[in-house]
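Structures follow.
One chain, chain A, links the two complexes that follow: it is found with chain B in the first and with chain C in the second.
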Partner chain A sequence: MSGSGLGDTEEQVAGGGLLHRRMLLRGGVLAGGLGAAFAARAADPIGAGSPDGMKVPGAAFSGYGTPAHWREGIKRTIGALPDRPGTGASRTPLERLEGSITPAGLHFERHHNGIPDIDPAAHTLIVHGLVKQSLVFSLDALMRYPMQSRIHFVECAGNSGGMIAPAAAQNTAGGLHGLLSCSEWTGIPVSSLLDETGIDPKATWLLAEGADAAGMSRSVPLWKCMDDAMIALYQNGEPIRPEQGFPMRLLVPGFQGNMNVKWLRRLKLTAGPTYTKDETSKYTELMRDGKARQFQFGMGVKSVITKPSFGMTMSGQGLYEISGVAWSGAGRVARVEVSADGGNSWAEAALNGPVLPKAVTRFRAPWRWAGGPSLLLSRATEETGDVQPVRADWLAQYAPGQNYHYNAINAWQVEAGGSIKHVYA
Partner chain B sequence: MSTLRALVVAAALIGGAASAAETPHLGRPATPAEIQAVDISVPPDGSTLPKGSGTVAQGAVVFAQQCQVCHNAAGAGGPNDRLTGGVGSLTTDKPIKTVASFWPYATTVFDYVRRAMPWPAPQSLSNDDVYAVVAYLLSVDGIVPANARLDAKTLPLVKMPNREGFQSWADRYRPKTASR
Partner chain C sequence: MSGSGLGDTEEQVAGGGLLHRRMLLRGGVLAGGLGAAFAARAADPIGAGSPDGMKVPGAAFSGYGTPAHWREGIKRTIGALPDRPGTGASRTPLERLEGSITPAGLHFERHHNGIPDIDPAAHTLIVHGLVKQSLVFSLDALMRYPMQSRIHFVECAGNSGGMIAPAAAQNTAGGLHGLLSCSEWTGIPVSSLLDETGIDPKATWLLAEGADAAGMSRSVPLWKCMDDAMIALYQNGEPIRPEQGFPMRLLVPGFQGNMNVKWLRRLKLTAGPTYTKDETSKYTELMRDGKARQFQFGMGVKSVITKPSFGMTMSGQGLYEISGVAWSGAGRVARVEVSADGGNSWAEAALNGPVLPKAVTRFRAPWRWAGGPSLLLSRATEETGDVQPVRADWLAQYAPGQNYHYNAINAWQVEAGGSIKHVYA
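On to the complex of A and B.
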């Protein structure tokens, strides 16, 4: 099959050049032209036409590999106060990555007063409160517990908060929506430890507290801890990194990032929420009627196209693959649709499986760009039926200035010259 | 392991039911002193509040020395969070969320100041200082009188202006299959 023209094997399924996702399975997007040959002349050294890397021995082994130096620009973007370098956030460069797993070193960060340097031999986890027996666990002890590995996203509740601004910020997918990352986490179900402490029937909540200079603390419903919460010790196969909570963090899949308390030192079972500062002042969303939701834990269904996106330039008309990320705090992504004409028509994207609950799912859609203006949108639907809202509908729910849990449809305007703008649609 | 137990464990593993796995029981009992040392969180009933007390007048001094550089005079905000004012603004076009206008419980102020403030030196104040700063902050909007003294008994009795301003959403995400 030729990739160079609009053949009759291409099935247009929506306006603006969107093609059926079946295209991807047929390999129609793969570029041709591999295997360009050269013929060495007999009188010349054999390697005359070979790349340098084939003619000199390569570099040595390394104890811990690093990304290609050609791609050293793939970095988190950091936003911290000038006088408070450990207070703020860094964002995952979503537009520079593919697949569904975020490299640990590019996982977004949100710290409230820096990263503590914790000696794992001195660190303990204490479980107390409304339990039958309060227990202290050393890290060595926890390492002997049966573990689980699961793939889950973590998203800051403040992710995409800039989208409430009156004018669309000209920023990258990561700059706008990069307080989102996805990892394979390995650790111990919280329920395993609570089975050992026993639970007082009066317990309905649990306070989780970190050992950082903010003493980060959040209340978590006990049902969540018995359902799928984890004491995470490893991320993408390696010990969890300092900026992600070394030596251990709480993982509450699908709930707002702030609740996944890093540098975890204490779990206290309680009869109600503790009403800590963050859950009281920040994560209780003020609605139009002046009342605040207490508490909106789950992260809503959401998607964003990462390729093409702001900061990239189209390289001529022809066939492209639209690629992006979709996720939901409620479960699996059921469907992602893309539009190339501002929402007048939609095509179903291919989901790159496995499609896992509370995890990032990569979606792809073939697209033939005719060279003119095109407004690219993506719209995700989760397995419970919730659909990503349009921005106006999202804004209408909340009081002015509220920007947590933003999950509305994102729009990229591809212009006739091939440049790409962030717009509201 | 009996055949039956093996089957049960195997079924649990397939089903992903974490709590069915056998665990090694390697935790050691926590002593009362250990618990007291780490139990710094303060719920609305104030049950974990420490001894000590502080007055509005003492708090004004502590605030000027420790807090004002980040939170401005009387907690008016700038460069960091605004703490006071905004009472009654939540239903307007420009809602202002501050400690005074938004927070439902005064115990949260004590908990947070004690664990995390002042920012350059968290946990460097005395319990008396923290009671005093909380009393001062709440006095700015008249939530406590200018002659107030707060302690473990009086702090939980403070009625915050937005105490009734919340609607419960906590069980919004609870799956029907949740065990508790």
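On to the complex of A and C.
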């Protein structure tokens, strides 16, 4: 059964055609009636013609593979200063990806003065300041320490900052929210190195400094370093890439991206925050009441629908899967709800497991589009109970122009003709 | 406390210096006495000199990143026929990687006549044979179906086949066992497509055919397709790479790699296996008693230590982390044990979670090397209770020369000087 009529086993759970997520279980959607709406009937036996690729020997092996040339359009979108090509950001094309892992080649970048070319044999990490014994770690030395592998997202504090503009920008999911990526990171707990140096009881913070030409540096609370911070040496199984901090970066899971200092050269234990240029000229949030909040590290709970989204066109009425990504700096995503009627009603999406703390979780929801206008929203809730706010409530907290830590509910307007606009809702 | 003496909290749990895995927990190893054995003492305050990379602007952004040029030696090792450069295999350099995900660019390859260059807009998947209605699926049509994302390994049935040689080859972990990789795959359950076509009750198998110049094809039991097989469209978040089957491959989790047919063009439902050239000229196992086993699909439980391993040199006595990969085609890895005395005694390794079914699991064990000869082994057990056999027991099952599905315990001999040899044990 195809078209806009409900299939036999379809259970509509919210307005605008949202169906129960159990339909995504084996047999559910199809028993419910996709009914060959998308496939063409084939003559049987199939014709004698073979594809051209079966008639000539194919290409040879390679030492390190690359994406298909047919998909070379899937790349990061770069925004850099005209006279300083290493200052700016590039964004992950979320709407072209699936699952929860971001390939390293498409991980977003944010550089303040370009990517240094660091000889790993010459690079050292110095741990000093309020320690019992300052130590210098070569990469070879670090390789001796016990490691951990964990899947975590990194998100820039300025991600989605354009969402404060009065008019909704007509841009893709990645263009709007693509300062977000997720990888399997492997490295050494920072606590292991601090156990080596010893900690002066006066120490409560660390200064983390990168070896780039911006000398990018941030203050990190000591408790975070003793909790789950790591010196990351590997990303998605291989040595970390230059644009992600080769040969090593600080990883502070769930904290704003800027604090995950790349090309890490120094950790200095201090009695308080250092107030570096990178945390006084930026990353302070001016509130609506005139107060300013500094050192707001944790990234809030957030989600965005990646399919369907701006730049795509619906291919006719009938069943669709709504797919998107959700994440929270506080822990696990507990629930994602989607709405197809602008928030009047909500359906619970299926979460693609394993649902891991401080990692991107893929969510999916079955949806029968009747062909008319539909306003699609997603709303994530994390395990401690925090919920994505609506945009108006988010804006109301802050002074005009403050655009860090934007995590409000996002909306796509599907129009009757099948085109998709970015709107505020 | 460094050197070969035990630290204060070290608990030796097996011969040759193997320590309790709880030492890998926060504080455990270091409290136990790494004692700055690997780091150098630093003058404090640190010197005025900054690395060169901090004095000049760094490199610009890129649309799609690549590994550091310093690590260009980390590549697949290629073995192909001299006159047919697309026939052979390339292996994942397991000993240079960490964690459990394999970057797509380093996923092993096995091609029978090269990599076809397939226009995704022209490619179709035909499902026919013993179905109620034959259907042709374009890539656009497939994109409408509900998807799933799962982390699974793929391993060639011929992986580690060289291990039957009378003398142990002096080769790396990847050179010996690198026809193994692990990715996050996203795609459509095969069962969804079969629900669309309907299934003739006589159907019990499927023929899966690739669109390469070898017309690589295999028979797959219908139950597997109704269980957890998928049409994979994405690998590690991005569209699947050409050498992994762009634009689509069959994924049959835990089954021998060859059955995960790449460049998939056709699924034909049949009343029995098709006995294709790819499954009669290969992949039949001749047993010691003269019988032959055909259609032995599941890959056995297996593990290999990647660090330390052949090609590395120990950097002095003291604490080390033994790190490796374990996997099973039957489900989850339940336990990995390591031995530092050739199997006289065993210590349980820590498993890096989440431990997922039919996926690579990273294991780690703390080890204090006293500087003398040490014979390192790893032995994995999977959740249904199967254990890796010793090499002699594995060989005893088969006729001489049979080398598919090798999954015996692997061994590295650490010598007194710190060099590492591949040996049989």
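In this text, the second predicted complex is superposed on the first by the 398 of 425 C-alpha atoms of A that agree within 3 Å, B and C clash if a C-alpha of one lies under 4 Å from a C-alpha of the other, contacts with A are read in each partner's own complex, and residues count from 1 in each chain.
Simple rule for what comes next: a contact is a pair of C-beta atoms (placed from the backbone, for glycine too) under 8 Å apart; a residue touches a chain by one contact, two chains touch by 3 or more.
Only a predicted model underlies this, so the values are computations on that prediction, with no experimental measurement involved.
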>> By the touch definition at the top of the document, which applies to A:G298: first (chain B), second (chain C), both, or neither?
In response: first
> Can A:Q170 be said to touch chain B (first), chain C (second), both, or neither?
Replying inline: neither
>> Once chain A of both complexes is superposed, is A:S192 in touch with chain B (first), chain C (second), both, or neither?
In response: both
>> Output check: A:G290 vs chain B and chain C. Expected answer is one of first, second, both, neither. What do you get?
In response: first
>> Under the stated touch criterion, which partner chain does A:T270 make contact with: chain B (first), chain C (second), both, or neither?
In response: first
>> With both structures fitted on chain A, tell me whether chain B or chain C touches more of chain A's residues.
In response: C
> With the two structures laid over each other on chain A, which partner does A:Q317 touch: chain B (first), chain C (second), both, or neither?
Replying inline: neither
> If you stack the two complexes on chain A, which partner ends up touching A:Y145: first (chain B), second (chain C), both, or neither?
Replying inline: both
> Now for A:L207: first (chain B), second (chain C), both, or neither, which partner does it touch?
Replying inline: first
>> After the superposition on A, what does A:T384 contact: first (chain B), second (chain C), both or neither?
In response: neither
>> After overlaying the two complexes on chain A, where does the chain B footprint on chain A coincide with the chain C footprint?
In response: 84, 113, 126-128, 133-138, 141-142, 144-146, 148, 189, 191-193, 195-197, 213, 215, 226, 265-266
> chain A touches which residues of chain B in the complex?
Replying inline: 16, 18-19, 21-30, 34-35, 38-44, 79, 90-91, 93-95, 97, 99, 102-105, 107-108, 111-112, 115-116, 119, 122-123, 165-175, 177-180
> Taking the complex as given, what residues does chain A use to touch chain B?
Replying inline: 81, 84, 87, 112-113, 126-128, 133-138, 141-142, 144-146, 148, 189, 191-193, 195-197, 204, 207, 209, 213-215, 217, 221-224, 226-228, 254-255, 265-266, 268, 270, 272-277, 280-281, 284, 286-287, 289-298, 329-330, 399-401
